[in-house]
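Okay, so subunit A shows up in both of these, paired with subunit B first and subunit C after.
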Partner chain A sequence: MIIKSVDCQTISNIVYDVVIVGSGVAGAIVAKQLSEQGKTVLILEAGTSEGLTLEGYQNNIETFYGALNKNSNSPYPLNPNALSPTDNTYGYFQEKGVLPLSGSYTRIVGGTTRHWEGKTIRMLPEDFKLRTNYGHGLDWPISYDDLMPYYRKAEYEIGVAGDTEEQKEAGAEFIDGYVLPMKKLPPSFLDGIVRKGIDQIEEVTIGKENPETIKLKLSTFPQGRNSIPHPDYQRPGYTDDQLIKDNFIPEGVASVHPVEYGERCQGNANCVPICPVQAKYDARRTLSTIAFPEKVHLLSQAVATQVDINPENGRVTAINYKQYKNISSSEYTVGTARGRLFVLAANAVENAKLMLASNLPSTSGMMGCNLMDHPYLLSWALLPTTKIAGTLRGPQVTSGLSTFRKGDFRKEQCAFAMSIHNDGWGWSGTGATDILQDAVDKKHKYGAELRNELITRISQQLLLDFMCELPANSSNRVTVDPQYKDQLGNYRPVIHYNVPDYCKKTMAYARKLSLQIFESLGAKDYSHYDKSDPAYFEYENEGYFFRGGNHFAGTHVMGTTKNNSVVDRNLRSWDHENLYLVGGGSMPSIGSSNTTLTLAALSFLASEQMLRDLKA
Partner chain B sequence: MDIDTPDLMEYFLNFSAAVTGFSRFDLLGTGQASLYFSTIEGIIGGEIFRELLQTFHELYVRANSENDASILTEGITDEILMSGKLGPIASNIIKLWYSATWYQLPDPWREKFGARQNDTSFVVSPYAYPEGLLWQAIGVNPPGAKAPGYASWQYPPSVRLTSPKN
Partner chain C sequence: MTNNGYRLIHTVEDLRYYLIQGMKIEHATIPPYLTALYSLKPGTNLEAFHIIRAVVVEEMLHLTLAANVFNAVGGDINGVLTDPEFIPEYPAHLPTGSVDFKVNIEKFSPNTVETFLNIERSKEVDKDAPLVLPRPELNPWLRILGLEETYTFYSIGLFYAEVIRGLQELHQEMGDDLFCGDPNKQITPEYYYDGAGEIVPVYDFQSAIRALRVIQEQGEGSRQQTIYDAERELCHYYRFQQLELGQYYSIDKNNPLNSDSPDHPTGKTFIVDWDAVYPVKTNAKLSDYPEGSELYDAAKEFQQQYYAFLGMIQASFNGSPQALIPAVGGMFKLKESAERLIRNPIPDMEGVNAAPIYRWNKEQK
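And then the complex of A and B:
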């Protein structure tokens, strides 16, 4: 049974316990947690909701198959009423910064988990005190220990597959007896080839003032993707540190409806943008496993436009929205959603945009500030043909280096994690079909020679990405400007973004490290950072570009007082006591972890305080 | 030109086998032959398509009767791929089989031989995409379809380099 889709008429007569803006992973978790405690919930979703049904999902796959440009949002029809940034393809962001934020998110039911890759990495304990430990960015008002129980809940909800011991080596802490719900996804054949080169290098140094020696060792990444359940798994209990022995059963895999809810990963090699067998978690899975779906109403195609407050006490009284009839028409009606509690779960950029559009910059003035993302340095090469690597097989990433996620070098330069791309060079701008075009059109290859050419130039591709930590900085920000609106008259985000030398230094370091790895593999470097690229920059006389990571965060940071932050340790707005801002926007730092797992954990944490508020 | 013309469809398959490096068996196995045939015809028109196929067929017949494969391989290069008129169409046919995508013909061709109304870049059908020969050529599944199975990616690939025959 799935949650109930309603119309404007229905909701106009109801005061909900909770009104949530956004049906992505954060909003879905809050909806599930609160409805299961008997609360009535309304979710306003700016995008469309066909994907909730299997038929709708199949349509998304078909759209992807038929798309000429198979970008991260290609399974979803372009929706001019609720645009999604797609690596600048649609120009939704108004980029005003020195460098572009770029990247993408998805405004559709299930949010950006509809195209995420699925890495689910915990942040490290020291990431929560970035300012205190290393003098950069911001500290969190809570610690890793505070978040640990919620990490376990998030890992259960998402269904995380990973090697707990490897994560401990990387610096994450786990309570005794705990393992991740499913076993790690097996490393790829390509990983095995790269491992040999990395093992030859053994160790490297990083940092100039206090050089540290780092031993290189490949490890796998935890992923929100169905593998094989771990027999030792114990699920979160009813108190913080309690674990209950309970076989983990991935949603779908062992049920009578695997096709509808997700099978085991089959190696479709298409994690981004869409897994045809739903082995990858997306937030629809949370929405479709709500115990009391009749408690949750979903109003889709409803773009939140304005948060109304009572000026006397700051409490939110309503959220106004525009509901459009369909994506091919800009016709809309306006409506109002009323409730006792309000939750913005529309992602870091959209949450801040909505608050600023409502003229609610917060007492701290930090609404929209501290915009973060992980800039990625890419480096790519061709492996020697003495051994065919068979690139383009398996989940997009299985292994990488987590050895640079911690260390005192973080005083000088940012932490990073490296991934080996099983999906080849695509992210660099040269996909398999680009190689095909070049081979046929420019090199006039045909027949058997063409086949060999393609094996040589695609099956041997190696792309390494280096995901760099970007500390919070108030000048990186989202703002609104009446000049820039979409066709419904809603604001488009205006972005001011730059990458500091603190990160560029690491990108330069990563580039050198990649060349060292290529050399030990006998691989030929093909990286080219074109000066005309909007994300091109120079550092110490070398040119590079970076790619956006879509890990938008920081725009409504949590902190210790109303003067240094937008929300408190429970993600509740300091200024509006019945308003929560959930999602990556509340994170004061992002470490070298993809943000979804942490923001999912925070959504569980915030849900507990919401329940306490509703009881009061 | 009639799409059901058996001769031209034969020529098309023989031509496609020669330029893609895949057998007729593989090509027919995609289930896309008649869709591709009608797509090409619909875009460039019957006349020029027929010229391409007949040029190929004459080479094919000569190569067979004289039992000299080089007539075909050299002819494909000299008379077809290097031809300003037929070359870009032949290249497009290779790319069509490999990626289920028709790419807009290059500007010089459009200027010289006339821009065709339907000549835009597009995937000819959603379910042609998984049948693209590119994926088979490099021994992988089309991303998002025909999955090889859990953990298959940890084993060596099935594909290997061959010694070119043509």
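And then the complex of A and C:
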């Protein structure tokens, strides 16, 4: 059984315990946690609900296969009523900053996990005190230790595969006896080739004032992707540090039909945007494993437009929405969702946009400010022909360098993590699809000749990405402007974004490191940072561009008082006591970790406080 | 009930013999299911694709479970899967011995679905009634111990009922000495999961019974008048029947008694496109392809790959469970090789495409 799809009529007669905006990983976790304690839940989803059935999902896969531009939202039909930002393709963001935020999220049931890559890396303990430790960005009001039990819950919910020992080496801490639910995804063949080059370099220095020596060592990344269940796994128990011996068995996403799917990763290499065998977690898995699905109502194609407040006590009274009939028409009806508790879980950008559209900038004025993302520097090369590297085998990324995630150099320049891309040059714009089009459409090749062309031009591709930490800065922000609206009359986000020298310095460092790696591999550098690229910048007379990481955060930041933040340590709004803002928007820093695991952990933490509120 | 006149399994050797036959039975369904599956044109018949595929995956699970029980009672699996006789020569009677239908390697069609239903059919019998019926011809596959060679099992489920009975009686006589196998030869959930139900490592009487019951019930259902098995999943028989009826069954997992009753599905309807199928040669032989042709080479290559695949599975059952991981990679190669055959016409045979050949013939070099 899956959660119940309802219509406007039904919900107009109900006062729910909880109304959630957004069915992505954060909203799904809150819905599951609260409904399992007997609470009634309504989820408003701006996008469509296809994909909850196997047939719908299969259609998404077919759409992706047939798409010429295989961008991160290519499996999903363009929806002008709830546009998904897609690397500036559809002009949803109004970019007003020095540099573009770019990046993408997905407005459909399951949210951005419907296109995420699946890396599930814990932040490091020192990331939670970025300001205190390194003089940049913001500190959290909670510590790594406070979040640890919730990290374990998130790892269970998502089904994380990874090597606990490698994560300890990278600086993460775990309680005794704990291992991740599944074993690490095996490093790809390509990883093995790159490893040889990296081992030759051995160590490098970073930082000018107090240079540090860093030993280079490849390690795997934890991911929300099915591998081999770990026989020593113990799942979270009923108290904070309790562990219960229990083999983790990944569940398929049950559809309405008695067909199960949800297999072990087969290395199809198109994790972003969609896994053909559902080996990758997405929030549909949380939605479809809710124990009492009848308690959770889903209203899809309903875009939240306005949060209503009781001016006397600041409490939220309702959320208004526009529900459109279908994606090919701008016709819509308006409705109101009422509840005791309200949860915004619509992504950092959309949460802030909705609050600002409702004229609720918060006492601190921080609503929409501190917008963060991970800017990525890409560097790409061709391996020598003697090294058939088997590019395009394996999940998108299996290994990389986590050795630059911590260190005192973070006073001078930002931390980063490097990934080896098993999917070749795709992200740089000259990947397998482009080469196929070139060979077929322009060079008219077919048969054995076409096969050879593809083998020689793809299987030696090497792309390294360097994911850089960006500290919170209040001038990076989301705002709204009546000039910029979509066809339903809803605001489009106006973005002010820039990347500080603190990060550019690391990107320049990363570029040099990549050249060193290429050299030791005998690989030929093909990187080209075109001046016409909107994300082009220069640093110390060298030109680069970066790519957005889709790890949007910080826009309703968590803090210690109502004057320095939007939400408290439980993600509850300081100004509106029955309103929670969950998701990356509450994070004061993002370290060198993709944000999903941490925001999932925060959703578990917030759910506990919600239950306490509902009891009171 | 011990020592009644119907008892067939008297010794551990008898039990091991039956379990080897069990592995043969489980495997014998895989070539016909796979061929029908790969004969579907890509992007069509989504329902058939997923239904058949899920059953194949479960048959692999059954093979593994049977191997676990076999290893637990001290069987030596070396040479079992790599025996050329492990794969039947199609058209074949099911190795249970039932002879009222034959199994072909052929394309997806109404007839094929009918055969699949026969494979997965069920029948309940009283506990002490004979499980075998007289049959008219010699069964080269299963020597039903202690009886004339003209006896046969009506269904796979009845075959396993007999195995379970034998196991129970031997356990009463021998106690836990029955489970003398090397526990390191058990395939554990670490190495096998796929939404196909759980793998049961077998170390004692209870786990052996559990493993055998999974095989028995996933096929044909736990009891009469229900469409689901012990895991509240739809049984194979009713899964295939959905293709015949063009409608999904609906199971209420929270309250299985509210599920549809047999033969009366109430779920979503769908249309099976019987024409969106490659016209593959039924029970193809190597001699159907001109010697030296690309098809001939491709078919031979498939045979070799399939033999190597069974070898890897056997190694994994024989104390190297990690061999299951590359074996899965091997299945991708098999799929590609099978599709290469299935999508190409046989020269000089109008409208007939090639098909994979699974069996490795002794006379081949």
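One rule holds in what follows: the second predicted complex is superposed on the first by the 587 of 616 C-alpha atoms of A that agree within 3 Å, B and C clash if a C-alpha of one lies under 4 Å from a C-alpha of the other, contacts with A are read in each partner's own complex, and residues count from 1 in each chain.
We adopt the following convention: a contact is a pair of C-beta atoms (placed from the backbone, for glycine too) under 8 Å apart; a residue touches a chain by one contact, two chains touch by 3 or more.
All values derive from a computational prediction rather than experimental measurement.
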item: Touched partner set for A:E62, first subunit B, second subunit C, both or neither; value: both
item: Which superposed partner A:I29 touches (first subunit B, second subunit C, both, neither); value: neither
item: Touching partner for A:A601 - first (subunit B), second (subunit C), both, neither; value: neither
item: Subunit B versus subunit C as contact partner of A:L54, first or second or both or neither; value: second
item: Touching partner for A:L83 - first (subunit B), second (subunit C), both, neither; value: neither
item: Winner by number of subunit A residues touched, once subunit B and subunit C are compared; value: B
item: Touched partner set for A:M558, first subunit B, second subunit C, both or neither; value: neither
item: Partner chain(s) touched by A:T398 [first = subunit B, second = subunit C, both, neither]; value: first
item: First, second, both or neither for A:Q437, with subunit B first and subunit C second; value: first
item: Partner chain(s) touched by A:R264 [first = subunit B, second = subunit C, both, neither]; value: both
item: Overlapping contact positions on subunit A, where the subunit C interface meets the subunit B interface; value: 62, 264, 266
item: Complex contacts: residues of subunit C adjacent to subunit A; value: 43, 46-47, 50-51, 54, 188-191, 193-196, 198, 233-234, 239, 248-249, 251-254, 267-268, 325, 328, 332
item: Subunit B partner contacts - residues on subunit A that touch it in the complex; value: 61-68, 70, 186-189, 192, 227, 264-270, 274-277, 385, 388-390, 392-395, 398, 422-423, 432-433, 436-437, 440-441, 444, 446-452, 454-456, 458-459
item: Subunit A - residues contacting subunit C, complex; value: 1, 54-55, 58, 62, 228-231, 247, 249-252, 256-264, 266
item: Subunit A-touching residues of subunit B, taken from the complex the two chains share; value: 18-21, 73, 76-77, 81-82, 87, 90-91, 94-95, 98-99, 101, 103, 106, 121-123, 125-127, 129-130, 134-135, 137-141, 143-145, 147-162, 164-166
